[in-house]
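Next come two complexes built around chain A: one with chain B, the other with chain C.
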Partner chain A sequence: MNSFKKHALKLSREYTQANFALVLSIVVSLVFLINSFNYKEGKIKSLVFTIFLVYALFTLYQFFLTWKIKKDLLKFGAIQPITRKLGYIQLLSILSANVFTASFAFNLIKNKKTPDYTFAVYMLFTQLFVIAISAFNMFKPYVTDTFLPAMGILVGILVFQVVTLVLVSKYVQDESAPSWFLVIAIVLIASSVTGNLFNLLLGISLIVKIRSHDRSRIIKWNTIWGKITRNSTAILGMFFIILMLSLSVCSKYTFDYDMAVENDYGSLLQQPSLEHPFGTDDFGRDLFSRIIFGARISLLVGFASTIIPLIIGGVLGAIAGYYTKRADNIIMRLLDILYAIPGILLAIAIIAAFGANTMNLILALSVGAIPSYARTMRANVLMVSNYEYVDSARALGASDFSIIFKQIVPNSLAPMIVKATLTIGGAVIATSSLSFLGLGVEPHIPEWGNILKIGSTYLESHSYLAIIPGLAIIGLVLSFNFLGDGLRDAFDPRMD
Partner chain B sequence: MELHKEPSLNFGFSAHLSYVFEKMMKRPSYKYLLLVLGLPLHLIIFFFYQSKRKSDTYFTIHKIINESLQTAGLKEKLLSDFKEQYVRKHAFFQEKVDEQQMNREVDRLAEERYSKILAEKINDEYERQGLTKLNYISYFQRLLKNPLFLIVSFIPGVLMYILLLLFSNFFIKFIFERLIMSVFVIAGVSVLVFTILYLSPFDPAANLLGESATKEQIASFNHTYGLDLPYLMQLWNAVKGIFTFDLGASFTGNEDVAASIANKFPITLTIAIFSLLMAIVIAIPVGIISATRQNTFLDYSFMFIALIGLSIPNFWQGLIFILNFSIKLQWLPATYNPQNMLSIIMPVIVLGTGLTASVARMTRSSMLEIINEDYIITAKAKGLNERQVLWKHAIGNAMIPIITVIGLLFGDMLGGAAVTEKVFNISGIGSYIVDKQFIPDIPAIMGGVIYIAITISLVNVLIDILYAFFDPRIRSKMKQL
Partner chain C sequence: MKKSLLAILITLVVILAGCVNTKSDVADKGNDNKDVKTDDSAVAIELLGMSTGEADMNIVRDQLIKNGFDVKLNIQPDYGSFTAQKDAGNYDLALSSWTTVTGNPDYAVRSLFKSDGDNSIMSDEEVDKLIEQASTETEEEFTKTYKQLEQRLVLDKAYIAPLYNSFKAQGVNKEIVNADTVRLAKSRAIAWESIDFVDTSKRATQPLIMQQPIGALTSLDPIKGNDGSINTLNTNMYVRLVNLTDDDKVVSDGSLSLNHVIAEGNQSYYFLLRDDINFTAVTDEKAVDTGERVGADDVVFSLNRAKDEKSVPDHRTYSLHESMEEIEVVTDLAELDVNQSGSEVTVKEALEEGLDAKISELVEDKNAADNAAGKYQVVKITTVNPFPQVLNYLAHQSAGIVSKKQVESINTYDVESFDVNKDIPYGDQNTVTEGAKYNNTLYASGPYILSHKNDYEAIFLKNPAYMTGTENEAKISNVTVRFIQDPDSTLSALRNGEIHIFNGVPETKYDLVEGDSKLTLQKSDSNAVSYLLFNTKNRAVSDSEDLRKAILYSINQDEILNYYQGNKNKAVSTVSPLVDTGNEVVADPAKVKEFLEAYNSSK
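Here is the complex of A and B:
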């Protein structure tokens, strides 16, 4: 009996998540604690210290919850309802922007979690964060004309999302949803134009459950997304990426682009304050706005320079893998030439020849990435084309074209998606590296590499100008890597 | 059966050559190579062969069997069989039969089958009579087995014999093939990079001489650097320059490009090699520890740190290092200085971080895969303790994919060196290329990019050879030509 309970502790997802949230929460609190002292003057920065206290409070409560879960599991083999009720208090930590503990709390209060529930929770988080970050503009002397209506719409969507979350947690089952959810799903999909892709995901998931009569399809959808949503790091990575995406869409209406690009000689190199949360640079431009607008470029270049080689390399790889040895040899030997030059160097050569701008940057990064996608695709196609269903399609008289694109490609896409997710991060780093060298995005555009380039000249006096854009890059790249790892685990049947 | 043919010392030198000759003639590309290299010899031998062939029994046997088959009506029977098949197939798919197309198809199939049956019959006849079929290859082989022939033919056939000798050892053959392949790749890289730079819309002459340059000045500049030649001429000069280490002078400063690249290469390579060493020393133990303690706090922390190492941009890491270790703590110098060995520490760490992180992750996943293999369970069941299983059975096999990853990433590291070199103000090959790209200084950029690509290709050849050394599966695959 005792060993059974120990096993329950090991198996319990909540316990793992509780520990994960606890560790990260401690780390974040420590970061605030370290930064709350001004070492030169020996004074406490009251604002940062207050934030630290709030974080420490929720961390302590998280510690208590973790201990309680452990006790429950060891004593009863399951988490008791009262412990789950205690999780409601921890929901408040979302007000301090502590995603780790808040997402854990949402997981704790619900016993049986569907992917839809998780989507709804993160949808809400994303919206809250977008609104909160945009709200910082209220400390500025003026805001854009579209600020108020845009915020109004965002808050409206937020209210709708809260209602949806409650309904979803109450009515949506593992394999079915009431048919009146269709209205909600359509509204959700429509509202995903704000860039909050969790809306879209939840909408699609609900439609699948309402409309599909094919149980195996629902189960397949649930298993894949179940694996991803249960993976704390993967879903956090996805959250950050979608947050950045949503911010770059909404920033068009809630942020003032002039603040990021127009020189303001009245406020050069100011330290962080409420008006300028990350300070200003040597031309008096608001670093906070610049970082927000920089996300747009990074995401655009990252996605574009992943999708282009994905398609070209995928088609070449599929042809090489499916057709005769000669086609294979010609394509792969030519790609070997491309493969012999490191991506960044090829990009430098192409940009040297055609000039530094965003379009050329995307092309340069794409060309270098083609061979590795082609190799991955070819290996998959070689494997898949030996399966029986391909033989049967051929015996039924299907053309080569339809065999490749209807049978083989869909079944060899999973490794390509994983690879693409993992390489977007690399593309983001390459973009900012090249911009840093002056070979990427045009210098007047607020891009993280460009911002860092300016920051590097003020390293001694105003180091935050170099630190903050770097943290933004790491955050985005880390998120893509987390999501990629999660996708790989979800698609890899060996992990079961 | 095949085992009898395996060459051994007992066979003698000439017999061995003849065996290699037979094997090589089976592959078309080698066949032509052998024929071309030994052309004078083959011409003479072919003459003898023709005279010998006339007296061969092949023609008579062919004639007899062909006649017997035709009288048996084989061809007509095949034709009607195939015709029936064709009609039935179309009836099944409910397609219309096109008379003309059907006849063409049926004729082709019947002809194919007929010649196949004929060849088989002839072979059977040969075997029954105990004859060997005479063709050029077997004739030449028989000659090769004679040492006297070898001595006589040594001078005209020396090139071919060298090739045969090279290919008689599978390992040398592998290295040789791999090198030939690299030469092709390097030539391809040269063409590609030159073409990209050639297509450039920028005009180096106008950029260098300034707006006020006269037409004559620009023309003379273009003439000096061979920029007025047609594309193919320029391409030929560039490729020749790459292989002869003579790239001419750079556009700015008029310095010898090959010499400046040779000057800047050592420091880039030194930093890259130190980074590689750092990666191996740190990452492999970390990966092994993570794999053996899967899903513990230690494992999670290591892999989390590794993922951060993978996500950190080089230049930012460099700046943060300079900020903390040079400006705040003043432990290490901020810029590289060849006289001060301490100044190399930060660039090495910054350049090696990504590699270390990837290798650690790779080691972990490769170890995990190996640990769950059946033979490891067998080893454990035999009663070996953890340490013996790990060191004797697991690590050796887990190393193979890791070596590949290191080879691939070494290339990325050399390519990414430009950024690190810029941050630490190192005058290596990477920063050289970046400095020259604004003009664009075609010979300098091309030289830099291509020589890095060559280095990477050579490293990959080396890794493939190491691979063959470590992995018995690959070795045995190589033996079956």
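Here is the complex of A and C:
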């Protein structure tokens, strides 16, 4: 009996998540604690110290919850309802922007979790973060003209999302949803133009459950997303990516671009304050706005320079894999030549020849990545084209074109998607590296590499100028890698 | 429940709307001249520069955009590609800079703005006339002329738009080097011979470690280069007839001459030579005394080849010395009995001032000179026109004295048919670079001689026969010059003790040097001026004076000074650091608007 309970402790997802949230929460609290002392003057910075106290409080409560879960599991083999109820208090930690404990709390309070519920929770988180980050603009001397209407719309969507969350947690089952959810789903999909892709995911998920009569399809959908949503790092990565995406869409209306590019000689190199949460750089530009607008270029270049080689390399690889040896040889040997040229050098050469702008940057980074996608695709196609359903399609007289693009390609896509997600991170780094070397976009344009370049010359006196863009790059790249790992696990049948 | 939520929301929005200023609110309140931007037909300006000038370019871009221009940046990674773009004419504005290393105003304008100048792209008769006029005038007179020149060049015609005048800053490791012995001159390159260690017992054993950014040396023949790669090195390898003090006065101290005098009429210049300098050469990585004295025949040879465009291939400095007509050795003592310029004293008496032994005899043969016995050598230089500023050019490194015997024995090629692959000229950097081609044929007349170099450093040795026993004798036996390109890396090298002196601390890093307990920061004015050069061919800015002036008045020097934390001076032209003309360019958005309108209506 005792071994069964120990087994329950090992199996419990909540317990693992509780520890995960606890550790991260402790780390963040410690970072705040370390930063709350002014070592030169030996004083305590009251604002940072207050933030630390708040975080410490929720971390302590998290410790208590973790301990309680462990006790429950060892005593009863299951988490008790009272413990789950206690999770409601931890929900408050979202107000301190502690996404780790808050997401854990949402997991704890619900016994049976559908992917829809997780989507709804993260949808809410994303919206809250976007609103909170945009709201910092109110400390500025002025806000952009569209700020108030845009914030109004965002808050409106937030209210709608809260309602949706409650409804989803009440009515949506693992394999079905009431048909009146269709309206909600459509509104959700429409509201995903704010860049909050969790809206889109939830909408699609609801529609799948409402409209589909094919149970296996729903189960397949649930299995894949269930695996991703249960993977704490993957879902956090996804959250950060979608947050950045949503911010880069909304910033057009809630942030003032001039603050990020216009020099202000009256406020050079200012320390972080409420007006400038990340301080100002050596030209007096608001670093906070620059980071937000920088996400746009990083994401755009990252996505575009992944999708272009994905398509070109995918098509070439599919043709090479499907047809005879000769076509295969010609395409692959040519790509081998391209493969032999180091990617970043090729990019530097292209930019040196055609000039530095975003379009050329995307092309330069795309060209070098084509061969590796073609190789992945070819390997998949070689495997898939031997399956029975391909043979049967051939026997039925389908054209090569239709066999490749209707039978083979869709069944070889999963590894390509995983590879793409994992390489976006690389593309983001490459973009920033090129800007850092002065080969990317023009120096005044807010781009993380550009910001880091300025920061690197002020490492000693104004280190935040380098640390913040560095963290942003690390955060985005890590997120893509975590999400890529999660996707790989989800698509891999052996992991079942 | 939902209704109350909605009500709260609406109240919140109303409250927020009340207390938040939107951008257009703010713009309406401060609506002075912000609406220049509303003009759709913003003039597009292409700004060319190097990546090292990125900060300046960004400020200019920002200021022009705020005044209603549209700016396209053309940033080139290095000087080579920058000049290629400039020669191709791919710019409206080129970010340029100029340092007057001779410390005289003529040099600051002649090659840049005169129709036939080496670096000039403009031609304006009035400007030419004023430059010529100022060159013949003395200091009291030329201030007014240069004021007129600036008025014409900048304020009336706007051929250039000035940005700033830089400081010179030098970081010194005061734990190792005695900071009081390190000079920081406004114009001239740093003199190594005066530098001493704190612990003087280490003079012979420990090398002094300096730094310079460029490791590819143009040429160690003084007349074949005039750039940052060799200025300091050649200055310390070749002695000159005169020197500049730290504040740009021409003196004989530490030079080949004991005294120098300008004769009546400002056209003849006399130099009384010392007898205690011998050429040195390098044998087996040791500096040896060649026994050959630096004398009047070497001076005549060196200056004649300096002014003759055809004396060597790739002569880069002849335009500095064109004002000299004749250089000769004076052997007739009676010739010195003319009056000094602006006084009743004769040249002879003036040359003798402060000497222990009066001049009793002038000798032709340099080996016969013996100052203690009153036997001297005198060199006379005659200029084409009266031109007192010639002395500044004689203090420039390109007027360094080389050995007649040695240079003639090395430069045996024919200048007309010089083949760069076959012929090895005197001072070729390959002859001192470690490796198969190493064959050091240098004869140095200055305090140090270059022994050998590689891509990372150059090793200099003390000249054993340079003014021995005087205060001008070099203190430290070995000098190493490290080649470190990036200023931030150089600063790190200084701070961790890898180098001892860093000349050229960036403006934004002064506080780091000042905050480091083992370093000291020396600061002084310099003659370096940054400005925007307008294209004079095939562009809107070349034809429209109004457009140029609109750009000129868009540049706000106060903001630039602010960016550099006050570590720059204002400037009007390249003359500004040398002559106080009293002119000033003040940014004025109203004038910009006016000139832009005039430009637009004339289109």
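The working rule: the second predicted complex is superposed on the first by the 496 of 496 C-alpha atoms of A that agree within 3 Å, B and C clash if a C-alpha of one lies under 4 Å from a C-alpha of the other, contacts with A are read in each partner's own complex, and residues count from 1 in each chain.
Basically, a contact is a pair of C-beta atoms (placed from the backbone, for glycine too) under 8 Å apart; a residue touches a chain by one contact, two chains touch by 3 or more.
Owing to the predicted nature of the structure, the values given are computational and were not obtained by experimental measurement.
In the superposition on chain A, A:Asp282 contacts chain C only, with no contact to chain B.
Within the superposed three-chain model, A:Pro443 lies in touch with chain C and out of touch with chain B [touch as defined at top].
Of the two partner chains placed around the shared chain by superposition, chain B is the only one that A:Asn481 touches, whereas chain C remains out of contact.
Once the two complexes are laid over each other on the shared chain, residue contacts for A:Leu345 go to chain B alone; chain C is not touched. Residue contacts after overlaying the shared chain place A:Asp336 against chain B, while chain C stays out of touching range. By the touch criterion defined above, A:Phe354 reaches chain B but does not reach chain C. In the overlay built on the shared chain, the residue A:Asp256 is in contact with chain C alone; chain B does not reach it.
Contacts of A:Ala78 after superposition on the shared chain: neither chain B nor chain C is touched.
Touch criterion met: A:Ile467 reaches chain B, while chain C stays clear of it.
Between chain B and chain C, more residues of chain A are touched by B. On chain A, the surface patch touched by chain B in one complex and by chain C in the other comprises residues 460.
Partner chain A is touched in their complex by these residues of chain B: 93, 184-186, 188-189, 192-193, 196-197, 199-202, 307-308, 310-316, 319-320, 322-323, 327, 411-412, 414-416, 418-419, 422-423, 433-434, 436-438, 440, 445-446, 449, 452-453, 456-457. By the touch criterion stated above, chain A contacts chain C in their complex at residues 138, 141-145, 147-148, 151-152, 155-156, 159, 256, 258, 261-263, 265-266, 268, 282-283, 356, 438, 442-444, 457-458, 460-461.
Here chain C touches chain A in the complex through residues 5, 9, 12-13, 16-17, 20-26, 51, 54-55, 57-59, 61-62, 65-66, 73, 75, 77, 488, 508, 511-512, 558-559, 562-563, 565, going by the rule given at the top. The touching residues of chain A, when paired with chain B in their complex, are 333-334, 336-338, 340-346, 348-355, 397, 425, 429, 432-433, 436-437, 439, 452, 455-456, 459-460, 463, 466-467, 469-470, 473-474, 477-478, 481-482, 485.
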